[in-house]
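Note that chain A is present in both complexes that follow, paired respectively with chain B and with chain C.
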Partner chain A sequence: MSRAVGALLRKELQLELRAPQIVPAMALFSVSTLVVFHFALQRGQVAGDLAAGVLWVTLLFAAMLGTSRLFVADHEEGGLDAFLLAPVDRTALLVAKVAALLAFLAAVELVAVPAFAILLLGPAPSAGELARLVAVLALADAGIAVTGTLVGALAVQTRARDLLVPLLALPLLIPVVIGAAKATTPLFAEAGAGSLPLRWVAILALYDLLFGLLAYALFDFLVED
Partner chain B sequence: MAAAPAIELDGLTRRYGERVALDGVTVSVPAGATLVVFGPNGAGKSTLLRVLATLLRPHAGAARVLGRALPGEGWAVRGHLGLLAHEPLLYGDLTARENLRFHARLHGVARGRAEALLEHVGLAARADERVHTFSRGMVQRLAVCRAVLHEPELLLLDEPRAHLDPAAAALVEPLIGAGDGRTRVVTSHDPSGGLAEADLALGLRAGRAELLRRAADVDPAEIGRLYR
Partner chain C sequence: MRYGTRLTTLSLLTAATMTAALALAFFYAPMDADQGFMQKIFYVHVPLAIVALCGFVFGGVMAIQHLRTRDPRYDLRSYVAIHLSLVLGAGVLVTGAIWAKASWGHWWVWDEPTLVSFLIIFLLYATYQPLRFSIEDPERQARYASVFAITAGAFVPLNFVAVRLAQSYTHPRVFATADGGLPPRMQVAFLVSLAAFALLFVTLWRYEMTSKHASAQLRSLRRKLTADGDRGLPARGRSAAPSLPSP
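Then we have the complex of A and B:
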């Protein structure tokens, strides 16, 4: 299966590098939203739960854009059929799509998190705070990527995919937003960063495991007739 | 002794919602034979190919392909069949070479095979150009390469010579023509040309098999009547 995952992931990255669509759209959306928050909140800085909420709402809505486009090239150009004709486990496509969406989210966060820090956060986070933030981002991104891939595979078969993706994905991702916001709130505390609340980190990890298993069980049915 | 059937369909039915696309089609194709399917647009030809390719499930009846029952044993058939559909199943933003290498990796085929095919169909010089810059005929030649990359036992060809000029059609003929013992199912709107390459002829109208006979026993005029 690793050969197929490698081929599929390489194709995903080649397509995005060759004709960038997903990452620029997500990055522009993130930065625009943060600018809107900057002016709408009418304050120079945000901290604590408000800062965490702003960051995660922005990243979540940006992820919806990527999720909507994740299977479009495969659907419109017949790549999904070509894949289904190959003698490879369907899980390879799930793994490759999750990895690709993870990579896209990570690329977007390289832009969005500094923009968030500049536009809305107070003093720049220390290396330790940044490492803890990266850990939460990684766990939350894994959950978003798994659920997003599952929803993207379902929605691409329909004409209303742009509507269906947020309608299905946002409710499913509420636990991720809660967990990620609760986990990052201490990092953005006005009185200085606190330690990571491990309970919320564990909830994020549990979500990733649960939805990973769910995606593994359901994915074949979503991509096959 | 007659060759074992490569395809056995018994009352195959497939619907899209309320519309019946294939209605109780029964046909047996011996291994190594060519079945040419005729019929007007919407008769069910492409649906038949997609069912045989394991991309669509039959809704009723039985289907066996290369000795395996569909859809349950479809996994065992994939990799042994090649589909040339109306859509080329290629990524427009990848180059010709990248597309073939991608499919070669999925099928576990050596890179050299992709290079040899590009050379064979006259696309080697433009192999590093993106597919969306190709003419429709060039895309069709590349799609033929993709369909035969893994040297399938069963070829499912949906109007394979569409968009090809005579020279290009001659180039792809060794890849998709009869020979090497492969079984073929070919859709066609050309009674004379289709019958010339067929062992068996199947005429579909509104999803029903209105004609099924040895091609040698079919008058092209009978095919013409399917379209009236």
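Then we have the complex of A and C:
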């Protein structure tokens, strides 16, 4: 199982390293979205709940791009058929895809979060706030990656693939947005950062757990033929 | 299972209960001291919402059965339940908006968690049919729709928890306590309306299932008549909605 996951994940990352497609697009998109926010909100700096909203809308919409491309190469080039021929558990594909999407999201956030801090964020975050932000990002990314993989696998076999992914994923990700936005708001507060509200971290963790189990139970049915 | 049996009795029972529910709501239940006549929409809005949510969850349960047994009948049951719940869900949003306008002065209020949760769930289920109908292979369509129905069914309670927590709710809950904040006569009227809308859902569900079964049987009879297969017949799958394979 772990060897299969390792091989699949290596394949995903190698593909992206050799012909970068998803990550650059997501990174560019997120920076453009920040610029759009600057003009649409008509302000040079944001703080507090507005800052949290801008950050999460940007990251979520960038994640939609990655999600809709996640299974496309496998579907078009016959990777899924080859995987089904291999005598390994299908859960390996789920784990590898979730890990790959997580890695893409992390890479994008390495660009998008500094860009957000430079371009739009009013109060400069301290090291402690940064650590807490990273913790919330990690929890939210896990949820986005799991739900994104499930939705990507659902949508890749349909004719309206790229249309369906955001339609399916955005309502499913609303609890993540609620938790992540509420948890990051005090970190961006004008008057010094508040503490990390544990209730929202718990909501994010609960979401990750529930959708992790759901994806584990249902993914096999999506890669049958 | 034969869906057509005793459908007339069921329809009559539904009509009678619905009439009784409306009569009770208008003439038996006391007028709300605060909201007056407008509060009567409560007897439509809340049962409709409860029945729609139960329909979504029932669709999820049927989808689990479908994935376990691979029997297309379960998929059809799941489809019809979700389809009907979506129609009822549109009714919930409209009645909810009317009620909100009448009692709070706005068509939409974001600090009413139940309303917001319902909107999110409605938006999610609104993609059920686009997802279904853009998959051509009927077997795969059924399988993917079931996966969606289970995911969305499990999402319903989680979403309610998250949205409820996100709002500092300013409006008191009607059923805040176990025995309800409702006076007994309102409670009677409410329970009868709930029964009426549940019966309405069951009746409509049975009607649609009967129709699907009848057209499957018709198709197989036609196929027997034209001995050489489907030639000269309207192509199967012209409608994107799922149907049973001919017996």
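Please note the rule applied: the second predicted complex is superposed on the first by the 223 of 225 C-alpha atoms of A that agree within 3 Å, B and C clash if a C-alpha of one lies under 4 Å from a C-alpha of the other, contacts with A are read in each partner's own complex, and residues count from 1 in each chain.
Definition applied: a residue touches a chain if its C-beta (ideal position, glycine included) is under 8 Å from a C-beta of that chain, and two chains touch if they have at least 3 such contacts.
Predicted model, so just to flag it, every value in this text is computed and none were measured.
*Asks:* Between chain B and chain C, which one contacts more residues of chain A in the superposed model?
*Replies:* The partner with more contacted residues on chain A is C.
*Asks:* Is A:Ala160 in contact with chain B, with chain C, with both, or with neither (first, second, both, neither)?
*Replies:* second
*Asks:* Could you look at A:Glu190 and tell me whether it touches chain B, chain C, both or neither (first, second, both, neither)?
*Replies:* Neither partner.
*Asks:* Please work out whether A:Ile174 is in contact with chain B alone, chain C alone, both, or neither, and reply first, second, both or neither.
*Replies:* In the superposed model, A:Ile174 contacts chain C only, not chain B.
*Asks:* Look at A:Leu84 in the shared chain and tell me whether it touches chain B only, chain C only, both, or neither; answer first, second, both or neither.
*Replies:* A:Leu84 contacts chain B only, not chain C.
*Asks:* Between chain B (first) and chain C (second), which, if any, makes contact with A:Asp225: first, second, both or neither?
*Replies:* Both partners.
*Asks:* Look at A:Tyr207 in the shared chain and tell me whether it touches chain B only, chain C only, both, or neither; answer first, second, both or neither.
*Replies:* second
*Asks:* Would you tell me the residues on chain A in contact with chain B in one complex that are also in contact with chain C in the other?
*Replies:* 225
*Asks:* Across the complex, what residues on chain A touch chain B?
*Replies:* 3-4, 6-8, 10-11, 14-15, 18-19, 73, 77-79, 81-88, 225
*Asks:* Within the complex, which stretch of chain B touches chain A?
*Replies:* On the chain B side, the touching residues are 53-57, 75, 78-79, 81-83, 85, 87-94, 98, 102-103, 105-108, 130, 146.
*Asks:* Chain A touches which residues of chain C in the complex?
*Replies:* It is residues 67, 120-121, 123-124, 126-127, 130-131, 134-136, 140, 143-144, 146-148, 150-152, 154-155, 158-159, 161-163, 165-166 of chain C that touch chain A.
*Asks:* So in the complex, which bits of chain A are touching chain C?
*Replies:* For chain A paired with chain C, touching residues are 150, 154-155, 157-160, 163-164, 167-168, 170-172, 174-175, 178-179, 182, 199, 203, 206-207, 210, 214, 217-218, 221-222, 224-225.
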